[in-house]
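Please find one structure pasted underneath; my questions will follow.
Letters are used for the chains, namely A, B and C, taken in the order the chains are written, and counting of residues starts over at 1 for each.
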Amino acid sequence: MQTFFQTLFTGLSDGAIYGSLALALVLIYKATEVINFAQGEMAMFTTYIAWSLITHHGFSFWPAFFATLAIAFVGGVALQRTIVRPLERASVLTVVMATIALLVILNGLAAWIWSPQLQFFPSPFPTSSWVVGGVHISKQDVGTFGVVMACVLVLWLFFRFTKLGLAMRAGALNPDAARLLGVRTSWLLALGWGFAAALGAVSGMMVAPTVFLTPNMMQAVLIYAFAAAVLGGLESPVGAVAGGLGLGVMLNMLGQYVHPVTSELRLPVALAILLVVLLVKPAGLFGRVVVRRV
Amino acid sequence: MRGRAAPLWFALLVVLVVVAPFLTSNYRSYQLGFVAVYLIALCGLDLLTGFTGQISLGHGAFMGIGAYTTTILVVDHGWRDLWTIPVAGVVAGVIGIAFGLPATRFAGPYLALATFAIPLSLIGILKRFPHFTGGNIGKNLPQLHSEFGWSTNPSIWFYTVTWVVALVMFPLAFLIARGRFGRSLRAVRDSEIAATANGISTALVKTAAFGVSAFYCGVAGALYAIGITYVNPDTFPIDLSILLIVGIVVGGAGSLYGMVFGALFVEFIRISWGPALLDLFSKVHHVNTHAPGSGLVVYGVVLLVVLYAAPAGVAGLVGLARSRFTAVGRPGGAPSQSARTPI
Amino acid sequence: MAALLELDDVSARYGQVAALHGISLTVGEGEIVALLGANGAGKTTTLRAVSGTVRRSGDVVVGGRRLHRAGPEAVARAGIAHVPEGRGIFAELTVWENLRMGAYMRRGRPDFRQALEYFPWLESRRHQQAGTLSGGEQQMLALARAFLARPRLLMLDEPSLGLAPLVTREVFRVVGELNQKEGLAVLVVEQNAAIALAAARRAYVLETGAVALSGTADELRANDAVRTAYLGY
C-alpha cells in the first residue's frame, strides 16, 4: 500500500513534467497544425541557460528560474519570427523539416557551448520526505507537481480571462475571421511559441535534477510528451496535461509492479501504450474525431 | 528524369562506379562503399518520404535492426555474411510493417514524431536483452576479407559488394516508383482524400511503403555492419536518422537520382565537408572546430539553408536548370516546374 | 456626399486565373450599395480585394486615403468590417466570446449594451456555444460582432445564403436599422437580387469580373435585362 502511494506521487510528478511539454506541443499545434520537433531541445537549451546562470553567474534557483522563463519566452518569439514565419507558405513537410533542423542545431549548439559532459542541476526542493501514515512522500515530487501545475494554471487564466488570450484562441480556431476583426494573428503565433518555450523551460528545469543535464536529456521526455498529447487528443490542452499525468502514473506503476518492465523498456512501453490506445480510439482519449469538409 | 534518358544515366552511373576505384586510394574506395550503403538507405527512405509524403525520423533504427540481424547471424550462428543481407532486409521490413500497421493511422507530422521514438526504443531494447544483443558492449564481426576465390584488398571487396547490391536495388526502386504501386504512393502524398476516393487504401499503401523502406534500410544496415565490423547500441543513434533525412532533402525528396547526391553528402559531410565548412567559418570568427556537437550544428544549418533556398534539393536545382535550357522555345520561357522532380 | 469607399480599376487573380478585370465602384457615407451578379461573377472577390484577403492591383481608397496592399488586419483597423461568406464565427467559442472578439480593436470597455439593443435575444444566449446556433442566429451574431467594432463600412457577403426567406428579411431589416440609426454604410453582395435591391439605394451588376451595369436601385429594378436575368420576371 505504501509503495502504491509512493509510486503514485512519483508518477504524478513525472506526469506533470510530461504534461507541461505536451501542453507546449498542443499550443503550437492548435495554432499552426505544426508539430514543433524542437520543443524538447528548446527546453534543454533553456535549462542549460538556467544552469549557467546558477553555476557561472551566482544566481540562486528561483531568480534563475524566472529569468530563464523570460529568456525562453523571448527566444520562442524570436524563433517563430525568424525561422518559422518565412516558411508560412511552404508545405507542412518543409516546416516540419525546419523544426527538425532546429532540433539538430540546438542539440549540437548545447554540446558545443557547454560540452556533452553530464552536469548536475540543483533542485529547489529538499530531498527529504514527509511521512504520512507510513507513506514516504517525496518533497521533490510534490514540489515539481506544484510548480508545473501552477504554471499551467497561470496560463489557463490567461487564455480564459484576458483579451489577448481570447484573441489567441480565436486566431487558432479561425485565423481568417480573426484577421478580419483586426487581430494580428502573425504576432499571436509568435506569442504562442513564446508560451510554449516557457512551458518547455519549466519541464526541463524540473526534470534536470533527476536525469542530470545533458544535451540529449529531453529526447525521451519529448516522446512521452507527444504520447501524452496524443492520448489527450491532440487539440485539447486539458487532455495534454491529463494525458501527461496519466502516462506518468501508468509508466511508474508498470515499472514498479510488472517485473520484466525495467527502466530501459520505459520508452518502448510508452510507445506501445500509445499505439494500442490509437488502435482503439484514433482521436485520443479526450479528442473528438474531426470531420473535415472536402 | 524522363523515361528514355533514365537507362543512359544509369549506364553512366555504372561506368563511374566501375572506374572509380582505379582512380583513387583504397581508403577512399572504402568510404565510397559507404556511399553505396547510404544510397540504398536513402532510396528506401525516399520511397516513403519523397514519394508517399510520410516523414520518418526513425529509419536509422531499421538500419540498426538490419545490422544487428547480420551480426547475430554471423557471430552466433556462423552464417556467411553475404547471405545474411537479404535476411536482414526482410527482418527490418517485417518490423517496419508491424510498426506501420498501427502507426500509419497518424497524420503526417504525428507519424514523424512516433517514428522519432523508434530509435530511442531500439536502444532500450538492445540494452535490455544483452544475451541476445551483446548489450552495451555490442558484438564484433570478423574482419572484411574477399571471398569467392577473388583475392583483393578488403576495401575493394567492400566497395564491390556494396555497389553490386546498390546497383541492383537502385533500379528496383525505380521500378517500384514507376509502376502502379508508385502511382498509389504519389496519390497518397498529393491528396489522401482524393486517393481514398479513387479506391486506394491509404493505410495499406503507407504500411507497404514503410515495409519497403525498412527493407532497404535493413539491407543498408547489414552492409554497414559488415563494413565497420562491429555494432553496439550507440552505432545507430537518432543522429543517423536525422542525417538520412538531411540527405533526402539535400538530394531532393521524390527524386531517386537525387539520392546519389544525398548519399555522397551523408558520407562526406561528417568527415570532410562539415569540418571544412567549420574551418572556413573559423577564419571569420574563431571557434573550436573539433568540439562535439559542431557537426550537428553544421547539418542543421545546411538543412535550413537548403529548406529556404532550394527545398527541392540538388535534384530540384538540376531540374530547374534543365527546364531553363529547354524552355527557350516555349513562350514566356518560364519553367512550369513543380517542386517535385519526376523521375 | 463624400465617397467612403472607392475602388479604382481594381483587378484580382487567384494564382493564374484572373477573377476581376478593372472594377471601379464607390460607396458613399451612410449608403447601402448592393453588388449583384451570378455565381463566379466576382462579387466575393471584390470584397476580398478590399479587405486584403486576395492579391489585387488598382486602387482602394477609404475615406480619401489609399490602402496600400494592406492585409485584413490593417483594413479592419481602417474601419471596414467584412462579414465573409459562411459568417466566420468562432464556432467553439461562446456567443459572448464572439462578441468580445468583435470589440477587439476598441479601447476601454466596449459598449455591449448598445449592440444588444439591436440584437436583444443575444443576451439570453451568452454562454451558448456559437456553433450550435441556427444559421440565421449565426448571421445575426456575425452582424452584431461586426457592429461592435464600430466600423464605418460594413461589407456583407451573401447574408441570405442558406437562410429561409423570413430569416433573410429579418437580417436585412436589422441591416437597414443599423444603416438608418447609426449611419453605417453597407456594401452587400447578394445573389438574391430582389431583397438586395429593396434594401439598397444603389447597385452594381457584375458579370465575369467586370461591372456590367450600375445605377440606382429603382433604375435597375426597371431595367429589362436585370429583370429577366436576376429578378425572374
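Here, a contact is a pair of C-beta atoms (placed from the backbone, for glycine too) under 8 Å apart; a residue touches a chain by one contact, two chains touch by 3 or more.
Everything quoted here is computed from the prediction, not taken from an experiment.
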| item | value |
| --- | --- |
| Any chain that touches chain C and chain A | none |
| Chain nearest the overall C-alpha centroid of the shown protein atoms | A |
| Most distant chain from chain A by Cα centroid | C |
| Gap in Å, rounded to a whole number, between the CA centres of chain C and chain A | 43 |
| Intercentroid distance (Cα basis), chain B paired with chain A, Å | 31 |
| Centroid spacing, where centroids are CA-atom means, of chain B and chain C in whole angstrom | 54 |
| In the complex, chain C residues that touch chain A | 51, 53, 71-73, 76-77, 81-82, 84, 88-93, 97, 100-102, 104-105, 145, 149 |
| Touching residues on chain B, where the partner in the complex is chain A | 53, 55, 57, 102-103, 105-106, 108-110, 112-114, 116-118, 120-121, 124-125, 127-128, 193, 238, 242, 245-246, 249, 253, 288, 291-301, 303-304, 307-308, 311, 339 |
| Touch list for chain A against partner chain B, complex | 34-35, 37, 83, 86-87, 90-94, 96-98, 100-112, 115-116, 215, 219-220, 222-223, 226, 230, 234, 262, 264-268, 270-271, 274-276, 278-279, 282, 294 |
| Contacting residues of chain A [partner chain C, same complex] | 163, 166-167, 169-170, 173-174, 176-185 |
